[in-house]
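Down below are the structures I want you to see.
Both of the next two complexes hold subunit A, though its partner changes from subunit B to subunit C.
== the complex of A and B ==
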């Protein structure tokens, strides 16, 4: 135990005096959360639209006013020449073209079918499909309102369905609430493994490992001695990301802070252990860093459910996600942040992370062989 | 005996780095392992320090097998060739770290680090980062770290390599003092002149321990075998002497080393016939190495004592 603490003490001093490690440990998570927090916004809003009002009527102007007033779609340009609007779309200045043809007002008054042309930019899949969905919703509401005016139908008394929607946990469907827990997972997964991936490899590269091997220190003492200070760093990273998430981006933390720290501790031990495993196997800092970066970043982004829903993946890829620890941690972080649930809601995920951490640490201990060759 | 190695062998891929090396260390003895780069010195010392497993053979300390008993490592001090002190830690912190790894407590370490820093003449720089030390000071701190726990055996792999002559002399002074206190030391060095300072010397080449003995015994093996000549190149001499001697330049002259007294007499006769002046020369350890290695790279003969 004394030898393990000696390693932890030495490692802590090295971390505190090495500006590069400190930057990586403290500054990078802040940059990551600011960058991702502001950059990743899945709320499609203010989509630039080019409109061709070929009717020039009071009705068409009223239609436009109603269409653009909520702010989802934003009138960027108005022109009667469709070729001009198509060029604007090619340049990327607008994402949608709406054409109100001549006779639009007459059709509306006659209770005829009023045609409206809408074209979207398919090269930007997300904003394209979202803008079309907004537009069709708007048309449906507009149509209903027109029916009321034309036929005097009172919607409140008319037979039929009435939708009573209720959105749990994130009523405004704020994507920040959904994304920021994912960024916490990403930050902790990538930076934890990255920091420890150089730890043992550095000892080999500078020759101090040979010296350590010659002492009575045991492999587990080296491993856990190196793990301890980095757990502290991970918790500092977590604190920073929580503070920024809650106070800067306004993400509600509805669950227990203690639970959040406990599950994060479980996850970070596994992630740090993974870095130590790479470091003890590879023994070259730069390669160990690259391997841990790839091994943590890619699954955390693509296979955790952070950005792409796991349900929409192919069965093979879905099966693969079961061994991605970030997937389980993400479920727990989102549950704690947005649902406010306790351990009963995610005990299975916690058990997985515990087992994963034990396997990784065990493997890393066995890979620290007390021989130089 | 404080350390005994029997029939150590080790290979790396297809290369046999060490072949059947046996040696032992007496308490308080300084044993120098000399040989050129690639002779197998580092591999041998690594096996003695227990950081490399031999393919065959054993290393014992006080009758126990080193690789089977981890506790023996606390009786051993090891300074590898590429000694990696922690550059961001101060002189004192490095000492504390290695002391703690050996199970020493803080109170004991406070006293010991004061004593050691004075011993290695670093007492003026306790708070200087190891990365800011000069080459000689760095090596002294490395030795201090290796002996912080008062080992009975010290293994030093080329500690004087890349160190200026003044620091080299100081390092050797430290080794003499440790030896005086009963610490047995095995040291490898590519500098032949350093061998003369040891109590016993082992000559290694191609993974084999060719000879060992006190400096006096090893030097006396060359009595009557070494000639020196000047004002003639080694290449010309080799053509004149053919297989009768090994010829190599040393300083301003050329040494002519024969494998036997008969060969030496033949060499003198040949040189006289060619009107080349020569005289007998007192051998140094470079000559000892040339003799036991069969002439080294410049060798023409393969005589063994």
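== the complex of A and C ==
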């Protein structure tokens, strides 16, 4: 224990010496939260649309006015030539084309079926499908309003079923509440692995590892001693990001702060341990860092459930997500922040993360032992 | 003389990079592996949502309702006959993201031609899933309306460039750029630092090699490696995922080449402003992470606040992704993408210029 603390102290001095790296490590999560808390909005807003109003009637103008006034879809171009609009779409200036054909008003008045044409840019996932979904909802509401006006149809009497949605935890569906915990997790996941990935490789490169091993220090004491100061850094990063998220961006923290810190501790052990594992296996600083970046950055963004739902992935890929520690932490952080539930809600994630951390740390220790022999 | 010096520097750098088995793995195998992994993984459609259905009616009508609900693959339903009072607990305990409560008089009401309300409880902490689930169920309701009034508006839809609206088609070009970006920046960001830390930089400086020769000798090998990666990744995109290759060849080659050069510029920039490898790698992260998030791949740029939208104009990833999608799916060429080409070109020249300037200063010191 005393030897472990000595290693920890030595590592701390080593970290302090490069004050610029330490500052970067602490400031980076803050920058990310500030930038993305402000920048990110998953709602459809101002999607540029080109419209061809071939009817030129009072009804079609009214339709346009109703469609564009909320500002979700934004009229960018109006032109009667469809080819012109298609050119605009190819250039990427508009994401959606809406055509109101001639006779639109007449069919509406005669209570025939009026046709509306809508085309979206299928090369852009975000704008395309979201604007189409919005347009469909708009049409349904538009129709309902007309029905009520024309026939006085009472919605409650219409046969069939009606869904009464009630949204829990985030009734306004504020995407920031969904995204910000994710940003905290991703930043910590990558930074942790990057920071520790050099720590053991450095000793090997300098040749000081042999000296360390010649002392009565045991491999696990080296490893856990090196882990300790970085856990300290992680906790500082986490505290800063939580303060910003809650007080600046108003993300509700409904669960217990203690639970949040407990799971964060667990996560940082796992994420830092991953860096230590790369470091002790690869033993060359540069390569260990590059591997850490490749193994954590894109996998954490894509396979953690940050944006892309894990449930939609094929079973083989889903199995792959089990080795992405950010996945477990993300579930726990979102649950603690927004739902306020305790360990009963995420004990499985906690166990998985614990097992992950233990495997990673043991493998790293084992690697040091084997190298000595 | 120039050619010979640069040539030997290039050979030295290539040898140094390639001689390590792990480096060869990072350069050639990891892009292919990542491309395959993410290409297969990503699907922004919300599917298989864990759903608990409290069927308090337990009649043929309610069972039919559940059957239709489970049909499209969007909801993975678990039916329960009682305990609806604890419905919210299902969400609280992460057992379900959607809870549907079918009331006891469901069949009776529908049979008598009335509207039967179905209660829907959604987990707003996953705002994306909650929104999508509401839309799915609303559409289902419209389909199930037994006695629909005649539709007054019929919507006819068409999806340009991707008629079947396959998610792979718009996601894979994005993954293409992400994987390429990470690998190219990562390689160059530490290339000069490495020499400085190992002390070989001084040796290079005192040798009769000019600064620009040294620069060229550092850049060309990574340009070669980056280009090979472009080819590998394109092959996976087209043959692995069946992406249409509508791209005119010359613009495709030129734009990708300039994109790789721009990323080398970023790496060079980082390498010349950092003092240690660790600083360089953290700076790389400081560039990569925002560049990925603000590229328009995951969050629509049009919805961002205006100052952030301006910021995306200097994000090479934005141009890269747009250009890649437009070339592969729309078949766009120089006529449509000249802005992207110019933007990437200016980025490259600017960054390499600045890098060269810092580099000269390093040589003098």
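What we mean here is this: the second predicted complex is superposed on the first by the 342 of 373 C-alpha atoms of A that agree within 3 Å, B and C clash if a C-alpha of one lies under 4 Å from a C-alpha of the other, contacts with A are read in each partner's own complex, and residues count from 1 in each chain.
By our rule, a residue touches a chain if its C-beta (ideal position, glycine included) is under 8 Å from a C-beta of that chain, and two chains touch if they have at least 3 such contacts.
These numbers come from a predicted model, not from an experiment.
Undergrad: Regarding the shared-chain residue A:303, is it in contact with subunit B (first), subunit C (second), both, or neither?
TA: In the superposed model, A:303 contacts subunit C only, not subunit B.
Undergrad: Touching A:14 in the superposition: subunit B (first), subunit C (second), both, neither?
TA: A:14: touches subunit B, not subunit C.
Undergrad: So, A:203: does it touch subunit B (first), subunit C (second), both, or neither?
TA: Once the two structures are laid over each other on A, A:203 reaches subunit B alone.
Undergrad: Contact-wise, after the overlay, does A:331 reach subunit B, subunit C, both or neither (first, second, both, neither)?
TA: second
Undergrad: Let me test your reading of the model: by the given contact rule, A:6 touches which partner, first (subunit B), second (subunit C), both or neither?
TA: Only subunit B; A:6 stays clear of subunit C.
Undergrad: Does subunit B (first) or subunit C (second) touch A:35, or do both, or does neither?
TA: The second partner, subunit C, only.
Undergrad: Is the number of subunit A residues in contact higher for subunit B or for subunit C?
TA: C
Undergrad: A:211 in the overlay: touching subunit B, subunit C, both, or neither? Say first, second, both or neither.
TA: The answer is first: A:211 touches subunit B but not subunit C.
Undergrad: Hey, what residues of subunit A end up touching subunit B and subunit C alike?
TA: Touching subunit B and subunit C on subunit A: residues 18.
Undergrad: Flag every residue of subunit B that touches subunit A in the complex, lowest number first.
TA: Going through subunit B, the ones touching subunit A are 12, 46, 49-53, 70-71, 73-74, 76, 78-80, 82-89, 93, 97-98, 100-103, 145.
Undergrad: Show which residues of subunit A lie in contact with subunit C when the two form their complex.
TA: Going by the criterion above, the answer is residues 18, 20-21, 24-25, 28, 31-32, 35-36, 38-48, 74, 86, 89-92, 95, 97, 108, 111-130, 132-133, 135-137, 139-140, 142-143, 146-147, 151, 153, 155-171, 173-175, 177-179, 183, 186-187, 190-191, 194-195, 198, 282, 284-287, 289-291, 293-294, 297-299, 301-303, 307-309, 311-314, 316-317, 320, 331, 334-335, 337-339, 341, 344-346.
Undergrad: Mind pulling up the subunit A residues that touch subunit B in the complex?
TA: That would be residues 2-3, 5-7, 9-10, 13-14, 17-18, 203, 206-218, 370-373 of subunit A.
Undergrad: For the complex, which residues does subunit C have touching subunit A?
TA: Per the touch definition, subunit C meets subunit A at residues 20, 22-23, 26, 30, 34, 37-38, 40-50, 65, 76, 88, 91-94, 106, 110, 113-131, 134-135, 137-139, 141-142, 144-147, 149-163, 165, 167, 169-171, 173, 175, 178-179, 182-183, 186-187, 190, 194, 275-279, 281-286, 288-290, 292-294, 296-300, 302-305, 308, 311, 322, 325-326, 329-330, 332, 336.
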